[in-house]
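Each of the next two complexes has subunit A plus one other chain: subunit B in the first, subunit C in the second.
And now, the complex of A and B:
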């Protein structure tokens, strides 16, 4: 687009007020750009389908996910069991769907937690600067230096492994990247004229952070969040893989995949389907993240 | 499950079995350990004194008709762990015992039936043949006169005395002195006669000296921790040590002077060290190795219908069981034997749990019907009484619970006097077979109104000690599940697991393994008697009483016997399974049919 649009948008906080006056607000522009990212759209479709099917698991599949039937162990996919059965004769599709609830919930909620912590820490550090910044960033360094998989194992051992603790533990160990990105964005933004203007007008720090700074830093936050979801799902998988994730008989994609490892040659479906779900979700979320990054990148504002 | 075996070393205490150091480890093991060390005093040759030549070819495979053994050839055995050393007194790894089985010999060892047979001894001492005094405290052992060490030196009574010196030398970090500590003296009567005098009667005395070291190989010093021997052993076994390339292989070659005439058959045995079982299996499939040591049950079906490979799967000694806590599982009184578990202290509940579990379906479906249903802590051997398998009778279980006042709530879970029949159920995390069995049992017990919550923890925590704050030691559990086995002489194992003096408490610093907190005076008496009389028949009778009391108490619910699983190309012949010993205990009888 034109340099005019560029000039118009650049200094403006992405608030409702500015949107009202602009012919096409930044969110509208972002959506327009996002819409052109076909892979991202496909990603959203995939995630929506998976999430809906998981939430409606009881409707989609007539089978109970933990009901064993030892007479039908490791049956290949048939009309009755579209994804086959597992090593205890449980319907694999029912387990995939119910497992999706766990895996997706762990992914989304752990990331929500991580983003909340990360944004808060990053915002405070970036806005206040000085010793507060120093202190918080050393905390971030410390957390990054922790070998997280061992901490995860330790915490899982001590506090047991319910979905809630998994979410807390995974979320609590994945916020540092967001914190750094938000701080970086804030450091750059707080010297800008529009912030100075807000300050001159007597806006409180809270208002400046929430109304002016955060909306401008929302791009990196959303990107970190989407990319984080796949990381969290994979972390749950690896904890399940180590036997420290979700406890049986509750299914998660991770523990289903782990259980499949020694029967992969005999019953490949028990590995393929949960593996495929993780793969699809991670891929879809990554494409969505890509799309969002492009759509929200302020430097791309005028380029299409 | 590979690493799990390492806990065994903690269990030194129970080492009744401790003939060879290897022997004791298994005793309690927390884990599967099919081919556990308990298995036995090492030694090799199968048919010691009597036995004629033609190998005891109970060919495990229905495969090729076993004709007369052929001489010659090399067998490669894949082992997925490397022994830390090959000195039996400094190493408790099962894999160490597998390799040593080829090289070393001992006085007496158990045969597949669980009977003691002489290896380097001329006969098994008993009260009948005058080898054992009436009070059982003096044992005279006569040695074979035709045995030579691999370097040509004769094997004599001095070697026994030296071995005793090594075990008791305080500078040696030996894995266990159980039993040897009870010895007052070891006296060389003549070159081929040795007399053991015990301070107090030690019931499993026949398990002592399951491996003998050559006195001449240590330059007279009994301090052996740094001896070159530990990586270059000299033995009396069917194969001589040739070389050990760390991380790659250990080679042994035929001992032409082996004291069983006509054996061994193979020219050479190579233990190939592989990074994992899976690599071993891959090499077995391609024929790069001939045998793979120690597979897990879940790998059995991988070879279904294979033209070239046999799976050697046999019930081992370990009995997978539920351990039920009779004391309070939480609060100030947790683990206090005087307190009562709100649910499990009711014997009717314990009985209902056993009746509600379909053990047969677990064996048939999860273990491919290859093992037997568990019914007793002593599954096999001379001390094993016949105990009928519990029935699967969920309706009977429900009635039992109804009559005992356990009424189902709105969710179907029973409760009585405010106590809800919801129990945590723990085993080692990441063990697939166990997790599958757990889920089946969970469903079966839900059917009778008892809810189980699976909360698995890593094996190091589950099978930990008092110092580790392990739930089993502190009594902070409802139901645990693991495998352990009594070894060839059940004395130490049964005593330590079921005698009321063996309940871990603050006062005894957690000694003992009566984790269930069982107190039964009649059982105590039977166990004491079984450990204190030399007469094997009387011991057997006392164990029968003890085992019946244990089974009736249902503090342990025996599910199934774990399998010893190995894989081999079909042309490997001559092997027999010995639950008391490890793979290769009869390596002198193996031959190649190709």
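And now, the complex of A and C:
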């Protein structure tokens, strides 16, 4: 009798241990699937190069991003200025690299904020259910129904345009998708046996959410976060282009394009390069997101 | 179905009121505001300021001001612009048709591109056409719209001088359809290229889902040719999610128009909103926001109703 009970309990204990020691755990399998997505790998390479070059902007480019040089106004790309200069003789490549810092940082941090809010709201709604779930999901519906670009412009006008407020505003308006996804995953998971087992063992709600539910919902969160970064970068550049984002003389890809409008007839490179950088970055991030979805989306696991 | 629609409409109105309430509160938190131009004037005394404040109702608590604003909105008085001193409703009335024109033409062009491309892409999955279409759609999805706009201006307006760079018609020339069309091409192309990539991906996925269903195989087995099967059986069912996506996206079209109108100096609502935002013109901002929110809510409502109507499996709970 006691051995039978022991045998029945054993798979739980062994299951937990074998997750760590098995030759192909879920992350290894995900990596194997991800590795096959060549464009996603290329995307990672592009992002790494861009991010490194931006962080090391002072090393990569000898020019200062806001230093004007009236002798070299609107110079076409040359060996000295690989991307040319703008109307104040500032080196375009230096500005693009420094602008990349701003654009990438705003994109990544806005998404970090959005994912934090979204996961918290989704986790609470999905775990608690009932009226809490109802209330939070009505909030999500409300936020989704807001015409976001209008709200963004309003908030940027009201609260100013420092990078920090931009991160708060963009992040604060982009968390609803994650919230819905996490809630959905939690609703499906919370009735499963392993959660019941954790509850029987006396685990606190916080422990169940953080140790048992969240790790099982992390795949879709990572995918949403990655694709969210490209959206946030596009939003920041649109706002800066409209003159409501990062303010000159600090360079961002969006405000460089706004600036380029006046002289793009004489100096097309001032308009081409910043836009190309946005496109390249967003495309790379989207390919990585695509690869991650193929690798992590649980619905795809069965078909693989 | 009647009660379903009635209930959804009844839910939509409070949502609209709530949205305007939140934005009203946000706007009133703004520094500056309608009194700042008088405050800066040294000839205006403190008593004058107080009188003006009372006259404009600004001495009342914000909730009271909001209730007044909402009340007059319902009776058709949308307030007056602080900058141009003209009625807000009149200003919106001038601009709205231009935005609707831009949106409708864009929408038609988007579908005219997306439906054939998405369909061929799905029924010829993994052909060279499919590969080209999906790659282009993926790349197009990563392009910033305003940059496409700038590049199109640079190539077609400045470089080749084929098309005007901005505006809506040639000043001082008799209005003609051809002239209007010339001004529409670039903004519509900017928006439609971007939107079409979205629907191509969507329609392709929806059709691929449907094509593998048994009833499509049955239709082929009956001896129907491919064109009929696709048109009569597959496309109709794939259209259900597509129509919903389109209805949900219509407000997005409106948002996209905001940036595009700014690039091409198109005198629409989006541009008016941007102008009002840079001058902190509350009544105009509130007015446009109300129109935009109503549009979003109406489109969501439309999506639900169309979905329920197209798909008999949906129950009207």
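Heads up, the rule we're going with is that the second predicted complex is superposed on the first by the 278 of 304 C-alpha atoms of A that agree within 3 Å, B and C clash if a C-alpha of one lies under 4 Å from a C-alpha of the other, contacts with A are read in each partner's own complex, and residues count from 1 in each chain.
We adopt the following convention: a contact is a pair of C-beta atoms (placed from the backbone, for glycine too) under 8 Å apart; a residue touches a chain by one contact, two chains touch by 3 or more.
As the structure is a computational prediction, the values presented were derived from the model and not from experiment.
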item	value
Partners on subunit A (subunit B, subunit C) - clash or fit	clash
Contacts of A:244 with subunit B and subunit C, given as first, second, both or neither	both
First, second, both or neither for A:279, with subunit B first and subunit C second	second
Touching partner for A:59 - first (subunit B), second (subunit C), both, neither	neither
First, second, both or neither for A:201, with subunit B first and subunit C second	neither
First, second, both or neither for A:146, with subunit B first and subunit C second	second
Partner chain in contact with A:263 - subunit B first, subunit C second, else both or neither	first
First (subunit B), second (subunit C), both or neither touched by A:79	neither
If touched residues of subunit A are counted for subunit B and for subunit C, the larger one	C
First (subunit B), second (subunit C), both or neither touched by A:234	second
Subunit B and subunit C contact sites that coincide on subunit A, given as residue numbers	157, 242-244, 265
For the subunit A and subunit B complex, residues of the former touching the latter	66-68, 70, 73, 87-88, 157, 160-161, 242-244, 247-249, 259, 262-263, 265-266
Subunit C - residues contacting subunit A, complex	15, 18-19, 23, 26-27, 29-30, 138-139, 141-147, 150-151, 153-154, 158, 251, 254-255, 258-259, 262, 273-274, 277-278, 280, 285, 288-289, 292-293, 295-297, 300
Touching residues on subunit B, where the partner in the complex is subunit A	296, 298-299, 301-302, 361, 364-365, 428-432, 435-436, 438-440, 442-443, 454-458, 461
For the subunit A and subunit C complex, residues of the former touching the latter	142, 145-151, 153-155, 157-158, 230, 234, 237-238, 241-244, 257, 260-261, 264-265, 268, 271-272, 275, 278-279, 282-283, 286-287, 290
